[in-house]
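Take a look at the structure below.
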């Protein structure tokens, strides 16, 4: 398994993009006691695409991510990663294969600097043994230097976070923390990047920046993106494929345009999407009260 | 774009001691350590050895508790394992000193690993209490496995020897204890520049997300336990070369608390912290004795009266540091250094 | 439009913030002379980019700053005409000032229902009826009322957080990013409910929100802040015509139509009000 | 000439502080008396104590500190573990004679501990004295041992079980209590089941003896309770309350208030300190007295003050008069003074009264 | 098999278990409200014993008055400690606060030694001394009294937490202090109250334990056994403290009677490990919620 981990893919779409999907989720179910968080979920994410998972709150999106990354064990079903089943692998092994992710509630390590957080992402790919580490000079040092150079050149510059590399993460603003999470995921030599609500809590401007980063990662690094997001503006604009979950089941999937017109999806998730209408209703209510 | 002391290479940026001034300090420190036994009286050499032993053990505990976030109240018991192993080897096998120390560390490390097994499921303070259980069980073993441990009266051993020299005085043992401690401290400092140290810290900060990022939790928690008890075991080995007798009462629970207090007072999760903390906490009772000595002409029975004060001071230090200086002495040290760094330009 | 503005000006204010400054850890100054007011019975929006100090403003008002080693070093906050300085956060809650914190802050170890019970301490006569009201607004919570709040999904937790405010029936609610992590449908629903609460109970609100379009829909007046001070404010109708607001908060291109994210180029833009 | 230095690791704090305070005062007073009379052969006696909190490493530290800063001739040790720990160092140093608070059986071996002695009977000898008394009082009696689960507690148990057998006594139960245990109901029940005539406590100071006796009396048990040195101080026994009336035990020294016979030392003590002084005080004083005597004799013989010489002088003591602290003249052929007497608590007088004569274990002792 | 003996031993064990449960209650109260494992409980218990000694023996006050005064002093002490030591630690890591209580314990030992000396003392006899027989089985009167007091207190608290609305406030405060404030809960008052009540409880058991075993500066080690009790029962469960207290009391008595006193500690701590392996949060403790 481990042997087929390739170094970071070069820019440009992989040759065999169409052949195997980067991720194929087949009939996955996950139960919490009586609660069916996931129920027969089947979909796949093509290599080099942006696939978005949307759905109402509590539909099971985060649970799906947790199942894919091995934090939860699926009760049934199977998950294939570039054609190989990962069902029997634990979370760390899946990470090593190139499943990188960010978390809905930022999960940076608050006791470390930005740089160390990013370096940590590479953990599974490093070899330093205990004795090497205790002695440091020699193998451990060589490996650390190599990592440092790569992070500086490929990630820190790319995400424009060079000014904060030595800052403790706890002191960063929300938006920067999200960016550091992305950086850490990139350090994991991702073949698929799973982003759980990457732009939640950001305003339009910051969302635009993040969207740009995501597209750049996809295009320049050739990484497949799997994303959960409630910002429909962004999802519809940058996704190639959208999967809709509701009560743990896939209720629709397809191109963004199809999805945004699907009546079931509108009823369960999207709503009218018409702010003007809300505004009108509000004005009406206000008027009523003033009359009364 | 870099601000401040610009470094030319990444290697320089990652070095432990990155400025010439710091290197000079370090060399000065080594020089001091080298001439110390020739300048100081036997009592101070004795204290230096004791401080060094405590530093070794506290550094180990700091790896586990300060860096990996697993609170342990079993450090003294693991020292006991190391001490018994070394004493047993000295008495029954007669293997050379360096090997004994390493074996003491290894046996203690294995014991620590066993104790660490529940750490995957048992968390936080529950785990801390489980380590108390470990030390109670080890104490039972020490006092009842008479064939090996000599039961309640313990093991008495002949002085150790190295290169044909018999080491039976502090100023001889100094040359074993201090270098071993220095090596162990450097090992620990190096550790946290590599992936292993980072994994430990990640586990401390949030273990479940660490797992998803590729860190094998069980392996690294056990590694942390093993390493920390290895340090304890070696420290225990040094201890027994120093005192030459080990009984079940030699490593009581309060000693584990002492080490925990040392890393808190020094600064959890800081190599320098463990050093300063262990030294400070070992020296404070001595300083108190001095104070009492000065006061005795004026205060009748000062020795007897002021001695509970030591217990109070021990507790008081823990409390005061936690409330007023939670980052410990290491932070105080950094502040002092910053002051002199900027002095006289700013304050 | 002008009528609305006049209305705002006339109404007595339930909240008046004048020139406050906030410092964290005795070192980091986050607010620099910020003033705003919430007229009785109105919804006011507070917008701004990440780290501008919106959350800090709300904490300064509700007194929760002290918990994070922050201090109000200058200025004053008047709630219902009396200063809040020196009053404990829980006293303010009893006086009718309820803060729905950013990041939900539900009690994870308590069930949904117990979370609601916890919100009744500020009110003498709270009863099961109030819970019914919450369950009516959020049927999903009713289904999960016996479950631990810690296992709710993000959106469900947000509902619970707002539900707790309902139970307390305050005069003024401070809402910090109520739509954070909510589905579009729920965001819309929450804002509808916010409008409803405001309309039906006359509860005043100060809403911090990133989804500017939504905030503008329910608010009558809005403030926009950058790095610790208010840079623009005005009746919503006026603000929505402002070129910068349209570009940076509503994501509209020069021509007035919404921009596509794919077309956005990665470059640093400067907001005019900062220069 | 130079001072004679008496160093001391004294447990002024910690679990053993109650004894340490007495020992400290006893030594201090003795030193004062000696110096008031011009010292030993014109040389002053200087006492250099250091608190140890009853911890071995602190004791060792104290030893190193004191010996590093003074030319020490005599040393008071606070615990068995310390006495054992420091022994190799003591032999290496070769200039010091040591004794202390430990009555451990193990120390009573001149071969292994040539430079140490015990100012009284060791624990096994204390048991021996008790058992001797029992076998006289009630031949063939059933005895039970209750001891704590510590080195101190376990010390005499095995050997004394043997000894009881040779005296024709039956050991019907041996009960171990963990350190720090509070409720002893179970142990008392166990004891009742064994129905001993005599129960000997060892390894305790106070708790849990009173509760033990209380509950046993409540159950209507007839057994007689006995103790060893450290639980026999008058203050401690009186704290046991009414139920302890009749509590017996072995005591190698006279009590402070014992004026039945001529005891000039006790009179002097009573003059110096009008209030009651503990048995630990007497122990400290006697230890210092014996050490001084050894110094005196060594100097008188014109020999150098070395450890072996001091010890030889000590061993040369024949029928030495302790000024009445010990009721009979003593000799120290080995490392201990195997003499003691049985006292019994009289709660009305609030005093310990002798119920036997002085008992010597000459044959058994070291 | 000697059944009478077994019965008597069991009764004695349950009697001691009552004291464990009572002291355990003090742990649980503080943990429930503040998430602090208070390792100084043993020393506070000791302080209770000494204060009572001071009133009853030193000042020769009547027993009832001495008891009341002791409880009052303990309550006051709890309030002061909370205000001066615990409140500044709000928001610090549990380990820090845990260590702080260790420091507090050490201070208390020193202070008691300073005031009353290091020697063990016997409390004046204030409890009934006439033996009690259940059927033919003997029960120590003191132990029976202590058990009765403990049982009444523990059951009272059980009922209190079941039916009293304030219980929710307590747990809410423990869970998230900022949120509790924002609900209008007077967090500092909840904290003080928990400490006051817990210290009163601990002092009460101090008087009982002291009456049975005498008092000494080292009697705080009793707290160690109680720690085992609350861990086995679950740190935040009153019911757990009760069940585990009785069970461990029984276990200790039986091991003491049939294996020997030296096995008592071994037995309890082995039980502790066994329970933690099977149930990491004790028998009745709440699981910490861990989600990504």
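The chains carry the letters A, B, C, D and E, assigned in the order they are written, with residues numbered from 1 in each.
Operating definition for what follows: a contact is a pair of C-beta atoms (placed from the backbone, for glycine too) under 8 Å apart; a residue touches a chain by one contact, two chains touch by 3 or more.
The structure displayed is predicted, hence computed values, not measured ones.
Asker: Going by the stated contact rule, which chains contact chain A and chain D alike?
Answerer: Under the touch definition, chain A and chain D have B, E as mutual neighbours.
Asker: What chains do chain B and chain D have as common neighbours?
Answerer: Chains that touch both chain B and chain D, as defined above, are E.
Asker: Please flag the chain sitting at the greatest distance from chain C, going by CA centroids.
Answerer: Looking at centroid distances, D is the chain farthest away.
Asker: If you average the Cα atoms per chain, which one ends up farthest from chain E?
Answerer: A
Asker: Averaging over Cα atoms per chain, report the distance between chain C and chain D in Å.
Answerer: That gives a centre separation of 77 Å.
Asker: Once you find the CA centre of chain A and the CA centre of chain C, what distance in Å lies between them?
Answerer: 28
Asker: Rounded to a whole Å, what is the gap between the Cα centroids of chain B and chain C?
Answerer: 50
Asker: Once you find the CA centre of chain C and the CA centre of chain E, what distance in Å lies between them?
Answerer: 45
Asker: Where in chain E do residues touch two or more of the other chains?
Answerer: Within chain E, residues 113, 118, 224, 262, 265, 292 contact more than one other chain.
Asker: Which chain A residues reach two or more other chains?
Answerer: Counting only residues that touch two or more other chains, chain A contributes 62, 66, 71, 103-105, 107.
Asker: Chain C: which residues touch two or more other chains?
Answerer: Residue numbers touching two or more other chains: 151.
Asker: Touching pairs of chains, which are they?
Answerer: Every pair of chains in contact is listed here: A-B, A-C, A-E, B-D, B-E, C-E, D-E.
Asker: Contact residues on chain A for chain B in the complex?
Answerer: Going through chain A, the ones touching chain B are 66, 69-71, 90-92, 95-96, 101, 103, 107, 109-112, 116, 119-126, 128, 130, 132-136, 140-141, 143-145, 148-149, 152, 162-163, 184, 188.
Asker: Show which residues of chain D lie in contact with chain B when the two form their complex.
Answerer: Contact set of chain D toward chain B: 10, 12-13, 17, 20-21, 24, 49-51, 53, 56-58, 60-61, 64-65, 67-69, 81, 84-85, 87-89, 92, 106, 149-151, 154.
Asker: Show me the residue ranges of chain E that touch chain A in the complex, using the header's touch definition.
Answerer: Chain E reaches chain A through residues 292.
Asker: Looking at the complex, which residues from chain A come into contact with chain E?
Answerer: Residues of chain A touching chain E: 62, 66, 71, 103-105, 107.
Asker: Can you tell me which positions in chain D touch chain E when the two form their complex?
Answerer: These residues of chain D touch chain E: 13-15, 17-18, 21, 149, 175-190, 192-193, 205-208, 210-211, 214-215, 218-219, 235-236, 239-242.
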